[in-house]
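Given below, in the form of C-alpha cells, are the structures.
Look at the two complexes coming up: subunit A is in both, with subunit B in one and subunit C in the other.
So, the complex of A and B:
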C-alpha cells in the first residue's frame, strides 16, 4: 500500500450495489481522502432484485427502486460515463469522455451486463428485450402493460423464470424456451429443476425444454415470433433474452490484470491479481465481476452474482483498502441467494453447483416445500429451501463446519430413508480448467512473456505481449 | 432427593426475582445434564443451533417419558406451538394469513391507533392516583384488550378469558414437589372450556365475517384449504393466551427495568425515538419467556461435546443465552442503544414467536405512553412479588408511587 491508508485518492469503477456499499464502508472506516465513483448509467445506484419481480408486476415503478443509503459518501460522482481503460503502472483510469482519473487505490466493481441475443439484426427487432437495468425493466413493464398476445422468454434461469412468473401473474400467455432439461438446472441441478418445471406448467407456462431458439423473426422491424431448434414456431410480440450475464471486463483488456470473460481474479482479501498471478497492492475487486478463492469450496475461484455477496465483498474490499497488511480481512461469507417465482420462495446457502450429490432432507416436492442438501466428496456444500427458508440457518452451519454429507437422518419432516442422488451439475473439479485459467480466467492459448514496464506513461505496454 | 439440581434451583420460587446468577452457572457447562435425565442448555450459540436443528422436536409426544396427562384429551388437537413440521408449518401458515404479510400486511399497523387509545384511556384512570399497581392497572388490561379485539372476543367476555388463562398458565409452573397431575387436569378442563367458547364464537362468524382474525380464520379458503373447526379452536386458544400473557410480563419487566435505571428512563423520556431499540434490549435483558421446557431430539444430537439422546427432555434457557458474554458484550448491562442485538427473546427458527410484531408495537406504545403521561414514579425497595411461573416470568404486582403532579393535563 502506498501513502496514508485513510487519505489519498480512491476511485471506484462501478456505481451499483457493490460500488455504493464499498464507498459507504470506506467512509465508515475513516477514509478521509478524495473519493470518485464512476458509473456508466446516468442514474445513481439502485436495487436490482425488484426489477424482475415487483416492477414487472406493476407494484413498483422501475425508476423507484432506489437503494437505501447507509451514510453520506461525500464522493465525486461520474455517472453516465464508462471506464474504457486502466493503466496500473501510472495508476490511471481512462474514461469514455477522454478524462483520466488518477488514483492511489482502485476498486473494480463493474459487475455484469445482460448477455445479448447473439444475432445483432434479430436483437434489434422491436420487441426483443433483455432485463438487467432500470431502463430494461421499465421497457419490459411497459410492454407487459400493453397486453402482448404472447411473451417469449429465452432461457429459464432465475431471471427468465421470474419474468415468466410475473407474466403469468398478470394473466399473459408466455412460452419459455430452455436449452437444458428443466428450468434452473444450471444453478440448482436436476432434482429441483424438475420441481421448477412442474411449477411453471402448473401455472400455465408453455415450457419447452431441451430446445433452443434458432431464429427470432420479424416484420417491418417488429418481432413476430421465433423458430425453435425442434422445428416448432412461436408467435410472440415480446421476447426477453434471459441467457445470463457477461462480466464487464473488456475495459481491462491490456491492463495486465487477470481479467477475462470469467471475471477479475483476486485473492481472499479482494486484491486483484495481475496476469502473472502476482497480487496487486492497490487494485481491489468486488461484486459480480470478482473471482475469488473460497476456503469452504476447496479454494476454487468463485464468481457469484448474488446480492449478498456484492455487499459482503464490497465491505471486505473497502476495509482492506484502508487497512495495513495484518489488519486485512478475508472474504469468507457463505454465499446465499433467493428467488421468488410461481408461488415458490427459493433460498440457497452455499454453492449448489459445487456438488456431486443432492438429497431431499426435509419436506418433499409433492408438498411444494422442501430443503435439498448438496454435498461434494462427502461434505455438505449447499442447501436450497423451497418455501421452508427458516431451516437454512442449520444448513449454513453445516456448510461452515464442513459437516459430512449426507447429513444424519432425524428431521421431523424428513423422508423415512433419505437417499442421495447425483446432483447433475458440471463436475466442480472442472470448473476452473486447470491452474492457469483458475488464476487469470484466460485459456492457456498464448505464450506468456514477462513484459518490462517503463514505456511512456499512457501506453498500454503489455500490448507488447508475444502472440 | 434431587431437590438440589441446577434446574430445581432455577425453578425454585425463591430465585424467581433474580435467576441470572444461576444462568451464569449454567453457561459454565454449556450443556448440563440433570439427575432426572433432562438436559439444560444456556449458551447462545448452542441454543441457536438447537432451535434451528430440524431434529429437535417441539412435540411433547416425542419425549421418551412424556407426561401422559397432557395427551389424554383427544378431542382437541395440539396447537402449532406443540407440533413439528410439516403439521406445524401448515397450521402456522394458515394462522399467519389473516395476521401478517404477505396476505395481510397491514394488520398490526392498523392497530396502532387502537392500542394508543387503549393505553391512554388506562393511563387517564391512573392520573392523580398516588399508588399504582402497574400490572393490575395497566400491563394486564392493555394487551388482553388488544388481543380480544384482534381475535374478535366481545369485551364483556374478558373476565372469563382471564380466569381460563390463569388456570392454564398455572399448570406451566414447574416448581417440583407439587401435584402436577391435578393441576394439569384443571388446566385441560379450562382449555376445553375456552376452546368450546371459541368454537361457538367461530360458528357464529362463519359466513358472517366481521373484521377480526377469528372471522378470517373460519372464512379463509386459501390454497391450503381452511383450518378445521377444532384447529380453529386450538389456534384461537393459543393466540389468545400467548397473545397477552407474555406481553404483560414484557411491559411490567420493562417498567421495572427502566425504574431501576433512572438515567436510561430519563433518556427515553427525552428521546422516545429510542423506544424500539429499548424494547429489543428489554427482550434480551428480561425476556418474558425465560425458557423452553419441553423440546426433545428425534435422534441423538451432539452439541458442544455432549450427546443429547433421542427422546430426552431438552430445556433451552433463552434468558441465559441472552446474557451470554460470548455473544453480547457486557451482557448484564441494560443498554437501550445496544447494537447487533439478535436476542432470543422471541426464540428463533421455525417456532420463532408468531406474535412478535404485535408484542413489539404494544410494548413500544405502552412504555412510551407511560413515560410521557405519568409524572416521576417511585419504586418500592426490594424485588416485587413474582408470578409463580419460571417459564413466563414477571412480577405479579408492581407497585409504584406517583410523585406530586403529573405531567399531563387531566
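So, the complex of A and C:
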C-alpha cells in the first residue's frame, strides 16, 4: 500500500449493497480522503430481496426499496455511468463517458446482472422480462397488475420460484419450466428439490421439470407463448427469464486481473489476484463479483450471490483498505441466505452444494417444517431450515467447528433414526443456472501463458507505463 | 426513515409484528415482510420494534442518497 492508509483517493466501482456498505465502513474506520462511488444505474443504492417478494405482491412500490444508510459517506457519486476499463499500472478507472478516475485504492463491487434470454430477437418480444433491478421489478409488477392469462417462468432457482409464488398468490396461472429434475436443485440438491417441487404443485403451479424452452413465440412483436423441448407448447403473455446471473467482469478484460465469468479472484482479505495469481495491494473485491477461498470448505474458491456476503465482505474489504498489513482481517463468515416462497421460509447456512450426504435432522416434509443437515466426507458443511429458522444458529456452530456428520442427536423433534442419503448435488463442472453458491475451484476458465516484461507490445500490458 | 431487516438474523420472534403491524407482517409461519420506506406516522412504532427485536435484526437509517455529504 502506498501513502497514508486513511488518506488519498479511493474509488468504489459498484453502487449497490456492497459498495454502499464498504463506503460507510471506510468512513467509520477513519478514511478521510477522497471517495468516489461509480454506479451504472442512475439511482442511489437499493435493496434487492424485496423485488421478487413484496414488490411483486404489490405490497411495496419498486422505487421504495432504497437502502438506509448508517452514516454519511461524503462521497462523490458518479451514477448512471458504467466503468469500462481499468489500468492498474497507472491506477485509473475508465468510465463510459470518457472520464478517467485516478485512485490510490480501488474496490470492485460490480456484482451481477440477469442472464438474458440467449436469442436477442425472442428476448426483445414485448412481455419477455428479467428480474434484477428496480426497473425490472416495476415492469414485472405492472404486468402482473394487468392480469396476464398465464405467466411463464423460465428457470426454477430461487428467483424463478419466488416469482412463481407471487403469481400464484395473486391468483395468476403460472407455468414453470426447469431444465433440472426439480426446483432449487442447483442450490440445495435433489432431496430438498423434491420438497420444493411438491410445494409448487400443491400451490397450483404447472411445473415442468427436465424440460427447456426451445423457442419464445410472438405475434406483432408481442409474446404469445413458448415451445418446449419435449414438444409441449405454452400460451403465455408474460415470460420471465430467471436463468441466473452473469458476473459483471467484462470491463476488467485486459486489466491483468484474474477476472472472468466466475468472478474476480481474491485472497481471504479481499485483495484481488492478478492473472498470474499474485495478490495486488491496492485493488480489492467484494460482493457477488468476488471469488474467494474459504477455509471451512477446503479453501475452495467461492462466489456467493448472497445479501449477507455482500455486507460482510464489504466490511472486511473496507477494513483492509485502510489498515496496515498485520491489522488486516480475513473474510471467514459462514455463508447464509434466505428465501420465502409458497408459504415456506427457507434459510440456509454453510454451503449445501459442498456435500455428499444430507439428512433430515428435525421435522419432516409432511409437517412442512424441517431442518436438513448436509455433510461432506464426514463433516457438517451446511444446514437448511424450512419454517424452522431458530435452529440454524446451532448448526452454524457445528459447521464452524467442523463437527462430525451425521451430527449427534440434539433436537427434541428429530425423527427416531435420521438416515443420511446422497445429497444429489449437481456436478459443479456443469453448473446449473440457479446456484446461489458457485464452487469455482474446478476447471480454470482458460490457461494462461506468462508474458515476460519487454515482450511484444500489448496495449494492456504493464510494460507501457513503466516510469 | 428507511429500514432494512437482516433476514439472516431474523428468527421470527415477531416482536416487530406486534409493535408495528402496519409495517411488519409475517407471511406464512415465519417469513417476515416489511415496508422499507416507513411512513412518518409509523416511525415511533418502528423505533420500538427496533429496540424490541431480540436478535437486533432491524436496521434503521435515513434513505441513502447521493447528496449526503
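The criterion applied here is as follows: the second predicted complex is superposed on the first by the 426 of 467 C-alpha atoms of A that agree within 3 Å, B and C clash if a C-alpha of one lies under 4 Å from a C-alpha of the other, contacts with A are read in each partner's own complex, and residues count from 1 in each chain.
What we mean here is this: contacts are C-beta pairs under 8 Å (C-beta built on N, C-alpha and C of every residue); 3 or more make two chains touch, one makes a residue touch a chain.
Because the structure is predicted, anything quoted here is derived from the model rather than measured.
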First (subunit B), second (subunit C), both or neither touched by A:156: neither
Touched partner set for A:45, first subunit B, second subunit C, both or neither: second
Subunit B versus subunit C as contact partner of A:347, first or second or both or neither: second
A:390 touches, of subunit B and subunit C: first, second, both or neither? both
Contacts of A:184 with subunit B and subunit C, given as first, second, both or neither: neither
Partner chain(s) touched by A:363 [first = subunit B, second = subunit C, both, neither]: first
Per-residue contact with subunit A, leading partner among subunit C and subunit B: C
Touched partner set for A:238, first subunit B, second subunit C, both or neither: neither
Subunit A residues contacted in one complex by subunit B, in the other by subunit C: 343, 369, 390, 393
For the subunit C and subunit A complex, residues of the former touching the latter: 1-4, 6-8, 10-12, 27-31, 33-37, 59-66, 68-69
Footprint of subunit C on subunit A - complex, ascending: 20, 44-45, 47, 49-50, 53-54, 57, 59-60, 64-70, 72-75, 77, 79, 307-308, 311, 336-338, 340, 343-345, 347, 369, 387, 389-390, 393
Subunit B - residues contacting subunit A, complex: 48-49, 52-55, 57, 59, 84-86, 89, 223, 297-299, 301, 310, 348-350, 352
Of subunit A, residues touching subunit B in the complex: 343, 361-363, 367, 369, 371, 388, 390-391, 393-394, 397, 408-414
